[in-house]
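Several structures are given next for inspection.
Shared chain: subunit A. Partners: subunit B in the first complex, subunit C in the second.
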Partner chain A sequence: MFRGINKAKWPFLATFVLLVVAGAFLGWARQPRELRTDPPIAADLDHLRLMPNGISGAPPESYFAEGKLYESDAYNLSQGQRLYDWFGCPSCHRDGRGNVGPSFLDGWWLYGPEMVSIVASIRDGRPHGMPAFRDRMTIEEIWQLAGYVQTIGAYSAKVGATGRKDDRQTRPAENRAPARILFDEGPVGVHPDQGPSP
Partner chain B sequence: MIVRDEVEDLRDTALDEVQLDRRLSETWSTPTGLWGALSTVDHKIIGRRYIYTAFIFLALGGILALAMRLQLSEPEARFIGPDRYNQIFTMHGTNMMFLFAVPVMEAMAVYLVPLMVGTRNIAFPRLNAFSYWMYLAGGLLLWIAFAVDTGPDVGWFAYVPLSGPQYAAGKRADIWAQMITFTEVSALAVAVEIVVTVLKQRAPGMSLDRIPLFVWSMLVTSFLIILAMPAIMIASTALILDRLVGTHFFNPAEGGDVLLWQHLFWFFGHPEVYIIFLPAVGMVSTIVATFTRRPVFGYLAMVMALVTTGVLAFGLWVHHMFVAGLPRLGESFFTASSMAIAIPAGLQIFCWLATMWAGRPVFKTPFLFVIGFMVIFVIGGMTGVMVASVPFDTQVHDTYFVVAHFHYVLVGGAVFPLLGAIYYWFPKITGRMMSETLGRWTFGLIFTGFNLTFFPMHILGLQGMPRRIYTYQPEMPWSGLNMFISLSAVILAAGFLLFFIDAIRSAASGPAAPDNPWGASTLEWATSSPPLPYNFARLPVVGSLEPLSNNSETLSVAGGLSVDRRELIVTSVVEALPEARESSPGNSIWPLWSALATTVLLIWSIFTPWAVVWGSIPVSIALIGWFWPKGTPEDDT
Partner chain C sequence: MRTALVLLLSITATAAGGSGNQSALNSQGAPAIHVEHLIIGITVVCAVVWLLVMIVLGWALLRKRSSDSGPPRDRPLTTIVSSAVAATVVIIAALTIASFYTTRSIGLPGNTALTITVRGQQWWWQVIYADANPAFSFQTANEIHIPVGQDVQIQLESADVVHSFWVPSLAGKQDLVPGRSNSLLLRAERPGTYRGQCAEFCGLQHTHMAMMVIADEPADYQRWIAAQRENSVMPTYADAAAGKAAFLSKPCAACHTVRGTSAAGTTGPDLTHIGSRQTIAAGLLETTRGSLAAWIADPQTLKPGNNMPMVPLTSVELRDISAYMESLK
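After this line comes the complex of A and B, so read on.
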């Protein structure tokens, strides 16, 4: 039946099949997009172990098993972008440049740039006015939002970083790495403009 | 100055048939081996590749359709999740429209038009090679992205804001938009080749009123492509810019406009339907003429209907947007123009009916597909007139009624004629006949399966089932019909499977075909099956619309062409009077390098705008290599 396919065509067919098979393998190996996380995994996201001073620490084991989903996955980052607006973050932090609350763009993280610190800040709140969101958002939403907040201050844009919103443009979108553009290197050390000290 | 040791500028008039064949084969044939295969510019080899590739995409798209039917066969089914389902219906539509329907029609033209107008190669043969590589790269981009779970999930027309930067996360929508760029580059290239081939390379004597209807249809289609495709390229590029560098083409808050997308898309999207349908008109006309043993009734009316359809095609795109909230006057205008398209379409149908009425029909497989086409297309056309009316469209918009309508029009209007055309031209392309028995079974299964699958969708739509849903609740009155549709889809799939089996089996071991098995009257049957690399040993001279039927024994030919280099005749646009001997470019690997460089640039530019800057360097190098004078005989005109 296949004798009709002459010799010159085999390389084409082989390449075609090889590419599609390789793609299918990659797709199988890669985590597919989850619109609803498994409940036990979602519950485990709450088990982060912070250092005694509330800065930095260890994320839950499942977070690594999932491939650090909330920092890099485009879908979760875009959910974070929407949560940022829905839960009123701009009322203190504006578009990320800070107002009453500290800026995310100035290269200065009061509690460090790690995901656990940001998650803890959102979940448990911080002194000087940061409210706790643990009773208003699910822990999964908090991780999504934390991933997005971390992206705002990233100096090099992640592949999955969110684009502009259908809204007034006030600063370049996260995929343009605004932190690199807007970060004011300024005098070294504690900077009075960069929010209250912890 | 190149000095040749043999006779300077040997002409075909000085040679007998055997010597002529040897000389022409030396000049025109494609070297064997991988390098030869990669660098060939023979329109027959490239056309064949195009056809194979398009049918592979048809099969893949069909598998996706079956997957969707599996998921929808019962309420609350859990075979496919919502995210994967979104990707699947988007892939099905995108694949069928951009990777199957348009390319396969162009593929048939790439193969057949140069033969039908009696020339030796398509115009701009290297561009032709380039266009195939671009098409292949675009198809691979889409399918590999789907395989790695990054397939587009925004529907085949990718409306903003859903496909915009805020709602379509990741690179999925970018893959869709960039795949468009690939296929449009390739489609535009082929369209330009066809236009030039038809207008300037026709056999001497083939004046405009002696062009076969298939060639006319491809000429009109090519102009449609040239006028329609830039709109979608602008739209998809604007979408990528919005998503990657944060422009505001589609952002209302900054003065952009989401409706702009719909207008740009459908300004392309509606002519697209005719880009798919008009070649089918040409195929049907050719098949009807051959199997009724007489010329098509009303040649002039047919050509006028083709041109009218082509012009009207650009005046009715807004009927896709009736529920978008447009001014009443606009809606009325586009209702009227949408209904007006039924006039040329009806004219064509009546011309074919008159041809069959007056002729002596022979019911072979290609002709069966034509009859199937007429039945299904007329039903699709009638629901088309229904949805052209705004009040009715408002009720059935985005329901399965529309799904049923466009499958009747597209499958009935294009796939049936295409399958007929494959059965019809298969002997010419492969030199072997397809099985008549299996062909009848194929037709029966596909015709039955198609109607049983898609007719109930009209009813489902009227019952309110929306399109693009991945599941539905058991309380809805849809489950019985959905199960029926899914089972019927198996019959349809069996028909296509039989077609593929027949095609592969016949290509390998079918009975050998004579030069003109159907007794047809167009020029492609004047050469051997399959045609030799140079198509015609001596280029034909045409004195009537049906060059092979008037005096079947002899065909007048033109002489005086050089055999040392690839040469063909350039004729005048209207009268096809010979104007010049023109060289035709030889094999070259540079189209492949150029396509690869362009592919790198286009895919890279999904990730960073700097790709356009750095990626243009290899593209420039490849193009310089392509156009660098190489001192071949073809260069010294």
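After this line comes the complex of A and C, so read on.
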């Protein structure tokens, strides 16, 4: 049966078999979609502990137990991408490069790149015009959106990619770490203005 | 032959979308009637051809050869072969021409009095009755009212992926393509409720993307239009009034519009007159206070993957909000 395979063909056959095995492994290791989060776990997402200055802090324990879904899972990142448009973020932040609101892509995070800080910014609002979305989105949606915002501002691309977008391309795609490409040292100093009481 | 015909037609009927008020073989509008005639014509012609071929084949297999005909030799069959080829050409040409004429007769006439925009969304139908006077424009969802005996132009758009608009009893299929606008002629000859559904796989809940086309007598239609143009009714009972307050303070109002209140979200279905619609969640459940409560309490269990989040509510809030929804006639 194998007599027909001469030496020159083995590397191709081995590559093919390796690709099939790798594909099977990726299919097996694929993260299942969590369409319905258990209400107690969703409620626990609200229990993040912020530092007194409102920057950084500890996410709820259940967040780690679930495997940090909202910042790594492709489904949740895609939901975040949809919510970014649905809840009007582009009206101030455009495609992430900012306009009235600050840019996510210039390499500077006013309140740090941690998920808790971004969640707190969306949920409770921030000085200088960022509104609170506490009464407009569920806490789970806020975590999904925060994961997406963190993705477009990340220096290294995440493994999980967001869904495809058919809009006009205005900046490098989310899975190319646009913040690294568009990093702008700019006129902003090392300690950017965080507002009178951040 | 009659049995074979009935069998063939019933197979076609299953393929054409069930029975009753959603069937291409129960056509109730001019475009659908043309399509039904074409379906029956092609089926009958093909059945007759098939039967003739089978008869000839059977005869060829069973006939006795005469014993003294000598060694087998090539016989010219010019007459039979050429007449069979000619018959094939004529039949195929006739079916093609019939198909062309049907396509032409179900096309849109130059000007229609009424144009309704239908936007496909994952997984529901946004229905927009636009008017030159913006105060008369309104939106509804999953339910299209049309006047009987009048050509209606349906403008088809999509907000996300490709969907397909199919009301088998009234018209053929037409795709809703993101970034494009397609048109379809809809016309009902008799009043009634005609079910339609998405006919292009569009994601997890493609099966739960149905819509109702309700053909009204012109007077009923005008009454319906007038009622839809009104703002939402003020809740009269205490629980509905409390529900309204809860609805406006919770995330509900960020996605849904209820005209006459501060709720002006545009991403979810317009709920101004949700209590007057026959079904909720694109044909998933009948509109009752109970089904509304079930839907609000846990949309991801009833229709997994849809874009409505589970909003945490207390039991009292849930009861009040569903009472409010039901009161929005």
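In this section, the second predicted complex is superposed on the first by the 153 of 198 C-alpha atoms of A that agree within 3 Å, B and C clash if a C-alpha of one lies under 4 Å from a C-alpha of the other, contacts with A are read in each partner's own complex, and residues count from 1 in each chain.
By our rule, a residue touches a chain if its C-beta (ideal position, glycine included) is under 8 Å from a C-beta of that chain, and two chains touch if they have at least 3 such contacts.
Just so it is clear, the structure is predicted and the values come from calculations on it, not from any experiment.
Asks: Which partner chains sit in contact with A:Leu35 here, subunit B, subunit C, both or neither? Use first/second/both/neither.
Replies: Once the two structures are laid over each other on A, A:Leu35 reaches both partners.
Asks: Of the two partner chains, subunit B (first) and subunit C (second), which one does A:Leu77 touch, if any: first, second, both, or neither?
Replies: first
Asks: Once chain A of both complexes is superposed, is A:Asp166 in touch with subunit B (first), subunit C (second), both, or neither?
Replies: The answer is both, since A:Asp166 touches subunit B and subunit C.
Asks: After lining up the shared chain so the two structures overlap, which partner does A:Asn175 touch, if you call subunit B first and subunit C second: first, second, both or neither?
Replies: So A:Asn175 only meets subunit B here.
Asks: After superposition on the shared chain, which partner residues are touched by A:Val20: those of subunit B (first), subunit C (second), both, or neither?
Replies: Once the two structures are laid over each other on A, A:Val20 reaches subunit B alone.
Asks: What's your read, subunit B or subunit C touching more residues of subunit A?
Replies: Of subunit B and subunit C, B contacts more residues of subunit A.
Asks: For subunit A, which residues belong to both interfaces, subunit B and subunit C?
Replies: On subunit A, the residues that contact subunit B in one structure and subunit C in the other are 33, 35, 82, 166.
Asks: For the complex, give me every residue of subunit B touching subunit A.
Replies: Residues 32-34, 36-37, 49, 56, 81-84, 140, 143-149, 161, 164-167, 169-171, 242-246, 248, 250-254, 430, 501, 504-505, 507-509, 607 of subunit B touch subunit A in their complex.
Asks: Given the complex with subunit A, which residues does subunit C contribute to the contact?
Replies: Residue list for subunit C touching subunit A: 178-179, 249-251, 253-255, 267, 298, 300-301, 304-305, 307, 309-312.
Asks: Under the stated contact criterion, what part of subunit A meets subunit C in this complex?
Replies: 33, 35-37, 39, 42-43, 82, 86-87, 135-138, 140-141, 166
Asks: Which of the residues in subunit A come into contact with subunit B in the complex?
Replies: 1-5, 8-9, 11-12, 16, 19-20, 22-24, 26-27, 30, 32-33, 35, 74-75, 77-79, 81-82, 159-160, 162-169, 172-173, 175-176
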